[in-house]
Amino acid sequence: MTYGSNALRQAVLRANQVIPEAGLAQLTWGNVSGVDREGGYYLIKPSGVRYDDLTEDQLVPVDLRTGQVLAGDLRPSVDSESHRAFYLAWPSIGGVTHTHSTHAVAFAQANRDIPLLGTTHADTFNGPVPVTRGLTADECATDYELNTGRVIVELIGDDASAAAMPAALVANHGPFTWGATPGKSVEHAIICEAVAEMALKTLALNPAATIPDHLAERHFKRKHGPGAYYGNPKA
Amino acid sequence: MTYGSNALRQAVLRANQVIPEAGLAQLTWGNVSGVDREGGYYLIKPSGVRYDDLTEDQLVPVDLRTGQVLAGDLRPSVDSESHRAFYLAWPSIGGVTHTHSTHAVAFAQANRDIPLLGTTHADTFNGPVPVTRGLTADECATDYELNTGRVIVELIGDDASAAAMPAALVANHGPFTWGATPGKSVEHAIICEAVAEMALKTLALNPAATIPDHLAERHFKRKHGPGAYYGNPKA
Amino acid sequence: MTYGSNALRQAVLRANQVIPEAGLAQLTWGNVSGVDREGGYYLIKPSGVRYDDLTEDQLVPVDLRTGQVLAGDLRPSVDSESHRAFYLAWPSIGGVTHTHSTHAVAFAQANRDIPLLGTTHADTFNGPVPVTRGLTADECATDYELNTGRVIVELIGDDASAAAMPAALVANHGPFTWGATPGKSVEHAIICEAVAEMALKTLALNPAATIPDHLAERHFKRKHGPGAYYGNPKA
Amino acid sequence: MTYGSNALRQAVLRANQVIPEAGLAQLTWGNVSGVDREGGYYLIKPSGVRYDDLTEDQLVPVDLRTGQVLAGDLRPSVDSESHRAFYLAWPSIGGVTHTHSTHAVAFAQANRDIPLLGTTHADTFNGPVPVTRGLTADECATDYELNTGRVIVELIGDDASAAAMPAALVANHGPFTWGATPGKSVEHAIICEAVAEMALKTLALNPAATIPDHLAERHFKRKHGPGAYYGNPKA
């Protein structure tokens, strides 16, 4: 039995390939998964495989309920259990991305939220991209990756909140992002890194920079909700 | 009926393609337009279309007087009304570019002008690249994009001023640039980003950096006005 | 007689080519070597040869015991004696890399360790990447490159320590890295540069940034030792 | 009559092409020339021509004594007279490069020398890369480009000094570099930019960074003078 439709497998493979193309991670760092809700599993990058070598056949099917590998002899990404926590918490997401992109990691390592300072950020995120609390020694010792996912869910909240804030930084680690599809989740990783770089440089020029609420809201609503008017579904 | 001469359509398409090639924006961010003054319209990138996929046929013709789309079923860039404000205010410009380039955005988010610190800047801009005042809540609520254009026109002034300062930063947003052609407008976007990066790094080394007026003027006049001697019209 | 198996020659050539591909050095800066323990020699990049021109035939075999060139009429990298010091001190390493990568050099020039601030770093290095003491005038005057290797060995310690900390910064100079193979040594050079850039930017956001020990240890052990569970030997 | 041997024309063209390849300048910024001492002229990039379009036939021959164009209908780079000042002052140089590379410009705009902080710098430059005094209003008004060359010559000194310090920053402008050949001059431009970036980032980590004299001298002498032992003339 082959897990995943052709479309899902292609989407997960393609989204993984975007990670090095967009400069979001070195070597084998980072991973993208995509979920099949009806099938009750997700497909995720195998651990430690180089992006250049990655094929659809190597994607690892993981049981949504148990976290067990369903087929093949490759181990999933070590972060698989974090992905699973998101799929269980947020029924409307279809893809998850984890990277070690430089500027998002810098904020994560500094234990600072990526502040909301401009419209590039407001177009996608409805507030600062938040950083989690640190995991306790116990949370690190047992079920570490699942606990990593849990502290993000604890931070973000429910499904609607996850749609309005499709990114979080794990303290001293790096960004996780999600979206309706694998492609959307990696697109949010690109945006998260871009706004982190802009914010770091803005703070160098003006440590007290802020944005008026009415401007930020205007931009978020250009792309989200019933009044959205960005984009071209027909194109 | 096809809008735009072949030359105009090619120029607008090509200038849009320069945005990702020059690293001025991620994903579908940014847009270039070019105007047909006799025809009374401009051609602009459609909203949300990826640069790799963009074709001449997708460029959206917009009425200069009304802002309405003249043909096709694609929506123009959400920033179309800002472009229109510039064409109406400044009769000698032929193209407009909007990007989210990192360092220009950092100055915009910091609510700081890009200071005039060197000859790279003075070759093109006759002073600091200015940042607009913030838009009011009312200006954000109604005709937001048109108002964005208006605050820039309010800041820059008349046609001659727009030729001597072909760029501005919208507070908490990013750069708009313009020029005699679509290609010149995107060239100004490249220069705006380059001098923003140089300025940010100069300020890190010397927060009190300045340039003598006589040096800045000399460079601006090497490229502008009756005594200009840069370039090779014959090449 | 040809020195080095085909596999070793290919591995050393390939690892040298990674230096410019990964942006770790300009021009002819940097060098990788690989050792043949049974043969008692290592193969190293010749001095001053451009990476684009480099061939397997140009790799210089150097006697592990004496440091003398064993064949050919090309001089080895000027840093050859530093490599030799590492091979003599640490029996389990198989390759050595030296680069002038920008951010690692910045820490070396600042005479600061690269601090351990996040999991990207902890995955590979079991603590801060340390910077050596400065070489004395005498150490610079005679056997300079050998002394450079010696101060690193003095800093790092024994073979087990070299496996847990496969990188060091020479004060006012730059990074040396090593590993089980030439390819692993250049991979450690990539990671050293990446975490240096992340650390520099983290410190700009939070000069007091730190990481809890339990998180750092958890990540180091995901990839090292009997409990390691990262990667896919079968892939 | 064709000016320049095939070898000189190819060397000047190739060195110009390195400018965009190495990321040293945007658009048409920057220029390289090479001199024919016996012929009494130099070949230089024409003004305002894009690097992608540049051909050997477009290189402009300029009389060393008068600064007049000897053939063709293209204007030389506006910086031609600065190049001429260097060729007249320093008989042993064969090529000159001018760029607007980001980090070297940042130091020039900050009116700061690029400090000597590490061996990357000491391998090529025998001290800090110095920044000129500002040009006076009179020097800007008449013979501006020639005066730009003169203040650099005033700063650097004689031919031997120019060989030991093949770079300078013009205040509020940017770097000029030179060398025995056009290729060497652009190589010095690459190194000048690399060490400027390293220095800026070093100063961010340690504003009081310095290097011991004995280490800097050791490195300069590895590549210069009778005891030099870097490189492979035979390769």
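Per-chain numbering from 1; labels A, B, C and D assigned in written order.
Simple rule for what comes next: a residue touches a chain if its C-beta (ideal position, glycine included) is under 8 Å from a C-beta of that chain, and two chains touch if they have at least 3 such contacts.
All figures in this text were calculated on a predicted structure; none of them were measured in a lab.
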| item | value |
| --- | --- |
| Steps needed, at fewest, to go from chain A to chain D via touching chains | 2 |
| Where chain A and chain B overlap in contact partners, by chain label | none |
| Same-site or different-site touching of chain B by its copy chain D, using the half cut | different |
| Chain at maximum distance from chain B, centres defined as averaged CA atoms | C |
| Rounded Å distance, chain B centre to chain C centre (Cα mean) | 46 |
| Averaged-CA centre spacing for the pair chain C and chain A, given as whole angstrom | 33 |
| Multi-chain contact sites of chain A, meaning residues that touch two or more partners | 204 |
| Pairs of chains satisfying the touch condition | A-B, A-C, B-D, C-D |
| Residue ranges of chain C touching chain A (in the complex, touch as defined) | 22, 117-120, 187, 190-191, 194, 197-199, 201-202, 204-206, 209, 211-212, 214-215, 217-218, 222, 229-232, 234-235 |
| Residues on chain D engaged by chain B in the complex (per definition of touch) | 26-27, 29, 46-49, 53, 58, 73-75, 78, 100, 102-103, 105-112, 134-137, 140-141, 144, 172-174, 200, 203-204 |
